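First comes the structure, then the notes that go with it.
Letters A, B, C and D mark the chains as written, and numbering starts fresh at 1 in each.
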């Protein structure tokens, strides 16, 4: 055995460390506790690593399957609960397919919690959401409900016959709305009716996660009325932690920003 | 729908075909019927496609797993029986590991039968074999036994403590010898004792599948005594059917020959 | 939806392939005729022929690595006579175009082989330009515009269509392609293998030749890029894509990049019926879309 | 068997890495300090710095393909000031060498960045030569011996060690390496990504920039070959292998090819603790063998 030569380097343990840029993030295999699947929506709970204590709505984690042939990149999933750790997702492509295929007791690889949560929103919140962004908004409604705060949800439905993974969008939307119902005052409507519905309610704060054309209208309406708005963004996220510089969205400063630095941003900052 | 334009080509069905270079070869998924595993040796049977009827000792097939992450190349395996189709193998690396992991009812991908069998050898045959080449020689012993012909087997044992897949070579050799016993008159010996044992028996024909240094000695002995010898060769075989030109062994004509054109060759032709 | 067979034929210059799938040279043998009807392929391509007897590289010649294969076979050859007498007959009479791949270590060597193959029932010549040029210190022909042009020009004195097979190791594959076409190439095969290396667990090179050609899935993004660059630079020249093609999606990707047909290599070793299944999948895809195979190709 | 920690340090010229594993530039961020102790890495390497503000390429910037990743991020940058004020501080104080990767579209641009980084607590400069050279029609510096030498020479007027990062797209990577070393490079990183392409199911390019850099497992055989060729040509120059490294065997393969250390990129996206697990595996391997990490390297 060659003797340890530390002349050229300082041992890790003796060095005063700079503060990391945020709270600790867990990385590792975690056991799946339960899985329920129906109407193209999978709800999954995990044994909860301590690092997830105190996770707030808007935060997410990166999830990947350990199975042979799994995609190289993890998939970002909103954390919708922490007692136990919980996610809900629609089947999209290969990544979500393999995650959904997990059996209770199987270990998935997690990185999280990541992202910054919603700030305190106050009592008067209306959520605008559709099927592809439901996780973040469901987490928000649940969190507010637990804190005794009511939330109004405008659920933008998709063309019912269009496919959504293994089912139709109509079937999936119905299942998603049922998940919101215990925690919010829900209205289903189509994209064209969103502004009318906002007009009718005059919320103090809008939190929106929807397709860009809906977001653009909501943004314009908030600005016109001086209403505070938040956008929950979703783009493909290879790393989730700021390393790959790939999860970008153009903002109104005409620059690209990393969505994983959010994913919650002031609505007026984003270019839709 | 665009109309079929056959002007530039002759329809496949109307053309007189040249004769293929040999009997039909089956390619496709086949269901595993049974698996027994013990002492580092797996014996596996399959539902038998008709193309395997009449397979003879010395012939082999290419076997691969359909599981995610399976190696790109199939592994060659001697066919040791056809009622049902049967192989036996020791666990070596990733390919054999995944093949051995198959469960009854699972489909493996097969290509075969391939290769030319032993020619008729007559009554006086001594087989020289060791653990890495046992499949071909077991097939030979079984075939001769079924035809009422006796076979003597000199089984060259390996250093007993050396690893052979998940077990020791000693344990695996013992298991392999037990597989030969019903079909042959078996003697276990080490490589140095092979010539002495051949001297003592004076067989009319020797069929040998063993490490090169043993093969070289057997070859020299056969030549000195004018004894007919056959070599069962094994090298890594990517395609098994003559396409990749990779399964080569140098012969005494100083040229490389394809082992999959055999794998049984006149002993005097091969350079060991 | 009409249930009639879609038109799968694709023209590569004056040659009409039966369908857009042909074997990649060196990964195919007439012995596959024992496994399936060779008349089902788009064309037939034997292993590259070189002049004279050549032993090829010593073993090991092939290994699995990086999700693909690495080979250094070294184009063993029994010479032209053996090729004409023994190899070629097995490839004839299947009713599908026969493309003979040739190579040599001088431009004159290529030209000599072309002459030999005239009148032998060959439908096109594939010029495998990846061989080292003995007259230029062993640099591969396919890396250099002048060397590539020299080979094609030397061979051009023939009525046989000349298809030049390019290398993804070239820094500017579109420039090589243009040089080949200006010198008279009728079509381009894009492309051969990338040079790589693999080690065994004990740290020794896995191949006797040390370096080898990387093929299979890992090659696809690179050869797809080469195909795209060549098709963009030469919108009128037929391109046959090659590198990591196994599935319908792989073939469609090459066609989206501008290929009219595809050559399948390593996938045949993994699944011997790979080309047959691919042809069936293309037929189904064309039937579903109600288009002919030649319409799958996207050109600038 | 001694139970004491093996010596994992490896010298790269005058810089002693804490162990042979460093991040590949562009695949790492100081935010991983929230996941594990950055002091455990062999060194730290931020994303390539370029002069001025640059938006980078539009989305999509990254896709999975061919068993690897394909990216066209385009080196977005907030400029030197933001780098010095915001980025750099997070990388300092971890007790492990800090290597700053830089690039520019002129040799003078590179040299200017080197000057700016002097006295900033940086231990070495990595010259990312894969950028297009604006003065030569956008041809990548790393493809040309003269252009590579020009950059290194322009930067050489510094006491900071200069590590040149080469490209596997170069036709003769050993010649580029020699040019870099003759011009004053202290070490070589072999290598960056291979140019590739991927299409979406609808036939449109998956990346906004159309072409991108292929990384991960598919790259390994090619970059391993480059590493071997460079180490053979320059037996005295330290080489850091890069391309498709995830497992102990990958690292050992690069060391068998002549690398003293390895840079890990894409594997971090698949498993964020990939580098930590690799370092642990190297430590165990060295303990078992009773050798130091620097003894793993095989040189001619």
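As a convention for this text, a contact is a pair of C-beta atoms (placed from the backbone, for glycine too) under 8 Å apart; a residue touches a chain by one contact, two chains touch by 3 or more.
Because the structure is a prediction, the values reported are computed rather than measured.
Between subunit B and subunit D, the least number of touching-chain steps is 2. Each chain's centre was taken as the mean of its CA atoms, and the one lying most distant from subunit A is B.
Centroids of subunit B and subunit C (each the mean of its C-alpha atoms) stand 32 Å apart. We define each chain's centre as the mean of its Cα atoms; on that basis subunit A and subunit C are separated by 47 Å. With centres set at the average Cα position, the gap from subunit C to subunit D is 34 Å. Taken residue by residue, subunit A touches two or more other chains at no position, since every residue touches fewer.
Among all residues of subunit D, those that touch two or more other chains are 67-68. If you draw each protein chain as a dot and join the dots that touch, you get one closed loop, with every dot joined to exactly two others. Chains touching one another, given as pairs, are A-B, A-D, B-C, C-D.
Of all the residues in subunit A, the ones that touch subunit D in their complex are 1-12, 14-18, 20-28, 64, 71-74, 109, 111, 235-236, 238-239, 241-246, 248-249, 255-256.
Within the complex formed with subunit C, the residues of subunit D that make contact are 65-68, 70, 143, 169-171, 194-199, 201, 203-204, 210-211, 214, 217-222, 224-225, 228, 244, 249, 252-253, 256-257, 298. Touching subunit A in their complex are the following residues of subunit D: 2, 4-7, 9, 11, 16-18, 26-40, 47, 55-56, 58-62, 64, 67-69, 71, 73, 76, 89-90, 92-97, 216, 266, 268-273, 287, 290-292, 295. By the touch criterion stated above, subunit A contacts subunit B in their complex at residues 67-69.
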